[in-house]
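Okay, so chain A shows up in both of these, paired with chain B first and chain C after.
Coming up: the complex of A and B.
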């Protein structure tokens, strides 16, 4: 694909705008440039991949969680039963506990609807525990839990959750005596189930035939503090410009700099609606970018910063009258 | 976190200065992109010399 060379006088329309067909052209082989660029990028990709490999973080399992932070597992289970975890109060698409992210008066998250219903206590704790066999204490605890009223369940679980938060290091063995019903037994059994490696299957196999839906395991993990601690240790936190980062020293997504920048400064960094606000702001900025040719001032920037004079410097050197 | 230093830990090397926190790798890539952009503008167009002057092709 080439353009031909032709030295024609530049014609001007009556409006004073030069006729684009009047400018000289040069031969240029776009196919050749594409092939050269493809070959260079392919060679660079192979060399860099061979030299640096790629990020390969070990997948986090419930068993890892139970081994590394057993008290966090117990606290999370108690929190799920009490309905105080993030997922329990998240709102759509999991439940109706909150309206979620709003853009001014517009309840964007609520408009999405509850498309993946999750009852945190039942789906993330009670149902997986109900698959455990050979534990009479757990069977009795589950029977007691199921027979109790919702208010009684909340009272037991909230009391135990509060007691855990006051215990040294959140250690279940050092919790003050109290009326916690079957919650301690259930929480301890939950820790044992997580440590055995059986929790992943119990959480994921109950949703799809191929057990490939990781929604519930991920919700449970994110309700604890272990996942966030691991993410923050790798600079992946929202207030660490994490959207831009990859684990270790691998390059991340630097083109996300503007999107993640807003999360670092007020009012976004202190707002519960940061996701909706940042999205709205980026949509506004994108609209401004699209409309640049029509916005006085913005559309004049090329005249103030004439980069095109550098690119076409030979032309402007030979045609000094055309300088802005 | 300290300001204006390269943080080195198991999570990688990071430049931390005020509200800015960027991995050294990302910073190098951004600088490289700017350098490539500047070179693309400033270097002469390939093949210009073969056509014997800038005549009507520029």
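Coming up: the complex of A and C.
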């Protein structure tokens, strides 16, 4: 196993590095090494899986949301109707309410286009409510809403949304009297629909029996505050390194540490264009990593910091180098 | 290539089969694909992490295939399914641990030397492709983690225009990318990486000179 053969003459390539096939060799069983590695990895995997299992906290449902934070559901519905939620003012790829983030002078988000159109008031609230039957008050409220002008709709919904924010705990029952049109009835019906468990289907299956696209339910959930509250309670917030973590004491995606790191420090943590800036920086760093072999200085770091002395210590011991 | 076999007509010079065989032979000469000997300087534990990464990738794929047998929701309702999911998770964690150690090892070896730049580049791209594949896996879990990660990740992807085409809020699209598109691309990149490793052999130590070194500088070739 340790016997070495005499070397073929070593030919030095134009890059200055000798051809590896010209060096003295020793027996090396690649297939055996692979089989042993496969067995070791399989055993390690089984042991880790048996010892630590894996996280599986069930998905939050609209019914959960309605039961745990009913006032948040009502406030979110009113916000969607008023056009004040995150999704309503998002911009591409959902709507044209904004241009989105900029990477320096580049409006990359705008260039992506509105390819997943979502009208937050109509698609997330009014259309699901229109599927509800047996509620004459809601039917009348929807008729009033539909017949009103866009300005009138916004006036009603904004007034109700503001009143909710001023009510104790955002409780709809304690909202000050005002002209809110059909919005309170619609919001209350929306809460009932969410609590019944029918909202997910109304959101995701309105155009197809087989619903695999959860864009609308997830936009609605993230427009409320309950999802984020739950995530933060599990230390998954964006400023808690949340992108790389997962529920429970599991390693998550530690390989995303650098991407997540930038969100923790200025200027990224305070910028309105944080996502675009972080992505731009990561693309630049990725390009540098790919092109390390061609970048003077960067490619010489391994020569300057001689970790390779440890890796090839046997070789260097037997073959002292001419150059320092 | 016009030699006739016994009693048969000669193989045409333009045979696609012959050309393909010749091309393969030029890329990885006979004996280099699975050599039974390695350079004497290949003597360090760091070399083990390349093959450990490949082994872990196979376990990842195998456990992923097992998960696919039961379908998307199987692991939520079955103890066996949950265990298979745990196998998949931990094999992924091992895969990344081995790959990162392998990558750092190759960096400190300056393993791109000697016309091995493409080997380095395919390795880095494989690393990035693995991150993307694992990410789509997290989005395909159909649990709270998927909900939270997708609603957070959409902002980054949307901010650079990618979200318009790669919708992380669509678990159907993410699952298809996770189990078909990305594994195919990643498999091809890893395959190319391994072919390049076998073609060029293991990079010699920095400043190494063989016992019978032909110094091209003295010969006027540099």
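For this structure, a couple of remarks:
In this text, the second predicted complex is superposed on the first by the 298 of 324 C-alpha atoms of A that agree within 3 Å, B and C clash if a C-alpha of one lies under 4 Å from a C-alpha of the other, contacts with A are read in each partner's own complex, and residues count from 1 in each chain.
Following the convention adopted for this analysis, a contact is a pair of C-beta atoms (placed from the backbone, for glycine too) under 8 Å apart; a residue touches a chain by one contact, two chains touch by 3 or more.
Given the structure is predicted, the values throughout are model-derived calculations rather than measurements.
Of the two partner chains, neither chain B nor chain C is touched by A:298.
In the superposition on chain A, contact is made by A:233 with chain B only, not with chain C. By the touch criterion defined above, A:147 lies against neither chain B nor chain C after alignment on the C-alpha atoms of chain A.
Using the contact criterion defined above for the overlaid structures, shared-chain residue A:265 touches chain B, although it does not reach chain C.
Using the contact criterion defined above for the overlaid structures, shared-chain residue A:113 touches chain C, although it does not reach chain B.
By the document's definition of touching, of the two partners only chain C reaches A:22; chain B does not. With both structures placed on the common chain, the touch criterion links A:249 to chain B but leaves chain C unconnected. Judged by the touch definition given at the top, the superposed model places A:311 against both chain B and chain C. By the touch criterion defined above, A:241 reaches chain B but does not reach chain C. Across the two superposed structures, the residue set of chain A contacted by chain B and also by chain C is 5, 7, 24-27, 246-247, 250-251, 254, 307, 310-312, 314-315.
Against chain A, the residues of chain B that register as touching in their complex are 9-14, 19, 21-26, 29-30, 41-42, 54-58.
Listing the residues of chain A that touch chain B in their complex gives 5-7, 24-27, 233-235, 240-241, 244-252, 254, 264-265, 307, 310-312, 314-315, 318.
Interface residues of chain C, counted against chain A in their complex, comprise 32, 34-44, 46, 48, 51-52, 54-56, 58-59, 63, 75-76, 82-83, 85-91, 93-94, 96, 100, 105, 107-110, 112-117, 120-121, 124-125, 128, 131, 134-135, 138, 141-153, 155-156, 158-165, 167, 169-173, 200-216, 221-222. Considering their complex, residues 4-5, 7-31, 33-34, 37-38, 40-42, 44-46, 48-50, 52-60, 90, 92-93, 100-101, 103, 108-116, 212-215, 218-219, 221-222, 227, 230-231, 236, 238, 242-243, 246-247, 250-251, 253-256, 273, 275-276, 278-280, 286, 289-294, 299, 301-303, 305, 307-308, 310-312, 314-316, 319, 321-323 of chain A touch chain C.
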